[in-house]
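Letters A, B, C and D mark the chains in the order given here, with residues in each chain numbered from 1 onward.
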Amino acid sequence: MQKSITEIENEIVEDFNLFDEREDKIDYLIDLGKKLPHINSKYMLDDFLVKGCQSKVWLHAYEKDGKIFFEADSDSVITKGIIALLIKVLSGQSPTDIINNNLEFINRIELQSFLTSKRSNGLNSMIVKMKAYASAFA
Amino acid sequence: MQKSITEIENEIVEDFNLFDEREDKIDYLIDLGKKLPHINSKYMLDDFLVKGCQSKVWLHAYEKDGKIFFEADSDSVITKGIIALLIKVLSGQSPTDIINNNLEFINRIELQSFLTSKRSNGLNSMIVKMKAYASAFA
Amino acid sequence: MNDSIRAQFPILHQSVNGKPLIYFDNAATSQKPLAVINAIKDYYEQYNSNIHRGAHHLAQLATEKYENARTAVAQHINASEHEINFVRGTTEAVNLVATSYGRKFIKAGDEIIVSEMEHHSNIVPWQMLCEEKRATLRVIPINDAGEIIFEEYLKLLSEKTKIVSIAYISNAIGSIHPVKEVISEAHKVGAVVFIDGAQALPHKKVDVKDLDCDFLGFSGHKVFAGTGIGILYGKAELLEAMNPYMGGGEMIKSVSFAGTTYNDLPFKFEAGTPHIEGGISLGAAINYINEIGLDKIASYEDELLAYGTEKFLEVEGLRIVGTAKNKASVISFLVNNIHMNDIGILLNEQGIAIRIGHHCCQPLMDRLKIEGTCRASFAFYNTKEEIDATVNALKRIVKRLS
Amino acid sequence: MNDSIRAQFPILHQSVNGKPLIYFDNAATSQKPLAVINAIKDYYEQYNSNIHRGAHHLAQLATEKYENARTAVAQHINASEHEINFVRGTTEAVNLVATSYGRKFIKAGDEIIVSEMEHHSNIVPWQMLCEEKRATLRVIPINDAGEIIFEEYLKLLSEKTKIVSIAYISNAIGSIHPVKEVISEAHKVGAVVFIDGAQALPHKKVDVKDLDCDFLGFSGHKVFAGTGIGILYGKAELLEAMNPYMGGGEMIKSVSFAGTTYNDLPFKFEAGTPHIEGGISLGAAINYINEIGLDKIASYEDELLAYGTEKFLEVEGLRIVGTAKNKASVISFLVNNIHMNDIGILLNEQGIAIRIGHHCCQPLMDRLKIEGTCRASFAFYNTKEEIDATVNALKRIVKRLS
């Protein structure tokens, strides 16, 4: 069975806590980014771009059996790592769960501290966009 | 014979040096102001005002036997004290002497330090005006 | 108020001309508490950086502190953050509105109302606008006490009135205007109202929602922050409707020679690198006065005003200029036959700093048929003892000069 | 340069993410020496006061120091004091000229010339002016090295040209433009020239008489002074012919509702309470760099640039954007297939502060068909060791990400 958002969040936090050093945490993020499969090139169009990110982020979502699935890509590997986390947590969940979740893991792993510009890193834009997709399918 | 500008300047500096305290120096200035006779009321017109002084200063000059004589008044007694000093030094001198003199006594008695606003106290305007009169009669 | 507050203001602890400094020129500019001075020092010693588009640690810190200051100001006057525009001071706030609102919305024949006792900064920008647009500047007259004559104001209002711009508190003579009533009457004819809060913010709580003002401007340097910073508050829908003011970095979304799009509020009106240190110092100042409490400040200053008024009137030949019923802690005065200049100089000899002149209110002075006044203006770090010393000095001056 | 210079900059001595800070974001804003920080502290702790019309000791001191700063700036760029206007920064300088000169003298059909690599602050104000006046903005194209194409500039010049506005040094890629030649050609067709000196003043001697520029703008915060202050130099006869910019206190001679007369230079363009602290900090900064010597600074920075260029090119896949023959100590670069964002973040992890993005030069980025660059910009307090550390960090990043 699909794990709940909270369960996945806890796993991510545990994973991050394995690392004492900032450097290892960011390495982990880079690995996640590298491993995230490329999006189908038909979605690499301006229509699928998330606005407000310094790097390009393409995001696409589809619904299957009442769950929402996300696919995304970016030209920045660290951004991809972040997207990978968001997808881990939100992809395959129900629209309501996605809309209502506060994504507390972001603060718990202090993700913001790895992003150099809080206002324009686009993390927020990505979340807003993912929730918007969920609303559209709800 | 009329004393030279330098002689008068030296006298003023000596007078000031008699006082150790700022307070006594400014008292002396006030006394000079109080003692300066009022200008003839026919000169208390806007035409005779010196521009650029915070208080009103009326200044009038006339020539006699190649010497220039000044009369002045002000609604501020401290300003009048300053005028009294300038008149002491410059009144009765020849146009050339007036024009060429640098009025070094002003710095020697640190007159500026008693005036609260260097830029708008009008001391400069008064001197410029007195020299202008001298040029006109030269 | 007590010594622990004065201890926060290093500048107060010095001698001038051999006497302890008494600083009674607060309406011109306020002194700064250590909280503000240290905030400035920390900024430059620890995290100075250009902001907003920064990709590194210092830029992040500086952005956060600068935006926190905006939040502090917003909360302080009960506004939203995007309604808070950092400007240089009250003067720039008025000019910004006169230009960005006025040049867009004012047409020939429209009327703008100010009062007879405004600061030049709240007159000249409107004169310039009226000249350009062939609009008319109308002036609310005042009575001899220095209060606006409300019935006359009502008569000036008409459907031609597009802007009313008035100070909350007069810097020259301390009158507190009934701005809430001024605003609601202006709104009845559809005019927008700019409140010049330069003298209000240091003394009292200002709530833009409660006042329902459309714009509010004030200066950081008068409210215990550093120089070169100030605030323009505007209702979001008005700010959005206005033209941009200056062009440049920060205020754009994208630039190309084919066409440029402007940024959202509040960045729309903040072209170029902001006065980052100034914003942060303003945030620190706002936090500082809130820690003391504006109520406490206001009631202490009322006390100083009442005490000072009584004491100053003991001086022979002294008359107070400006006797509004509702008044801030400013005492403007003249002494029979003694030039204000002489009083200024002789008080300075005693280490006492007051201001003399027209206080940037020449039309008010013309109305009062005087050239200016001596002005002693009190802040919460002033004391009754300082008032006593000043009154004694004045008495001696009067004796000496008469 | 040596440790004794670095010791003057407290901010440099800190760790970021556990590593010693390397500050390579100097083109965005410079750090401040103790001479500047202490000048600010002294101002607030010892003699903060409003200026010019003050009638007391503190006002006198503050006025003197502020005006001394104006004198220091005037001497530094070989101008007269009344040609030096304190403004908020380069952005305001451009806007002031676009408004006060442009709105008075530009007519429909006139042409204004800028280059393709200008900062947004030197584009948007002219766009706004052109839109209002139905004038045309013409653009000097650049070659692939990032140099303006002088022959193309000559072709743009005609009797329609009224203003040419160009940076002395490009903030994005460091190109130093041949401004002296640009100016003399513009004068041949009767145009006035605004020089955006934002990036020039920190690095080299600028002599307005020698250049014969009509206007020069620069920002204090980029030249080791505090934020919120800058300079507009203008030839006196031009400044005198211009309309006032903002209205308010200081910039007037007398105000009445019947008519207002404006003050003389330099006060004409300085409405409201000035950023007194900022002016004083700028004076302190100018004195500081003159003590070190701009020649020494320039030649040391040239050394850093040469060394850095060589070293940076050792990084696999790295290309330098902007290879003008005449270049300031700015290295803009991109690395094959690696997003500038990732480089910014990962350098920041190593305590290294660079800037990434379009650097407020979107038209330049469009021309170069890139979205932005990573930019390392050096000041005289930077060292070759810092360059080595950065290059090593870059090499590790490239390895890690490829």
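As a working rule, a residue touches a chain if its C-beta (ideal position, glycine included) is under 8 Å from a C-beta of that chain, and two chains touch if they have at least 3 such contacts.
The shown structure was predicted, so the numbers you read here are calculated from the model rather than taken from an experiment.
Considering the contact criterion stated above, the chains in touch with chain A and with chain C alike are D. Across the assembly, the mean Cα position most removed from that of chain C is the one of A. Per-chain CA centroids place chain A at a distance of 39 Å from chain D. Here the spacing of chain B and chain D, counted between their Cα centres, is 48 Å. Chain A and chain B have CA centres that are 81 Å apart.
Multi-chain contact residues of chain D (touching two or more other chains) are listed as 17, 53-57, 59, 341, 344-345, 348, 356-357.
Taken residue by residue, chain B touches two or more other chains at 116, whereas all remaining positions touch fewer. Note for the complex: chain D touches chain C at residues 10-11, 14, 16-17, 21, 23, 25, 28-29, 31-32, 36-37, 40-41, 44-50, 53-59, 88-92, 94-95, 98, 119-121, 123-125, 127-128, 137, 139, 219, 221, 226-229, 244, 246-249, 251-252, 254-257, 260, 271-278, 341, 344-345, 347-348, 351-357, 360, 362-363, 366. Remark: chain B residues 22-23, 26-27, 30, 54-55, 74-79, 114-116 touch chain C in the complex. Chain C makes touch with chain B in their complex at residues 17-18, 338-339, 341-342, 344-346, 348-349, 356-357, 400-401.
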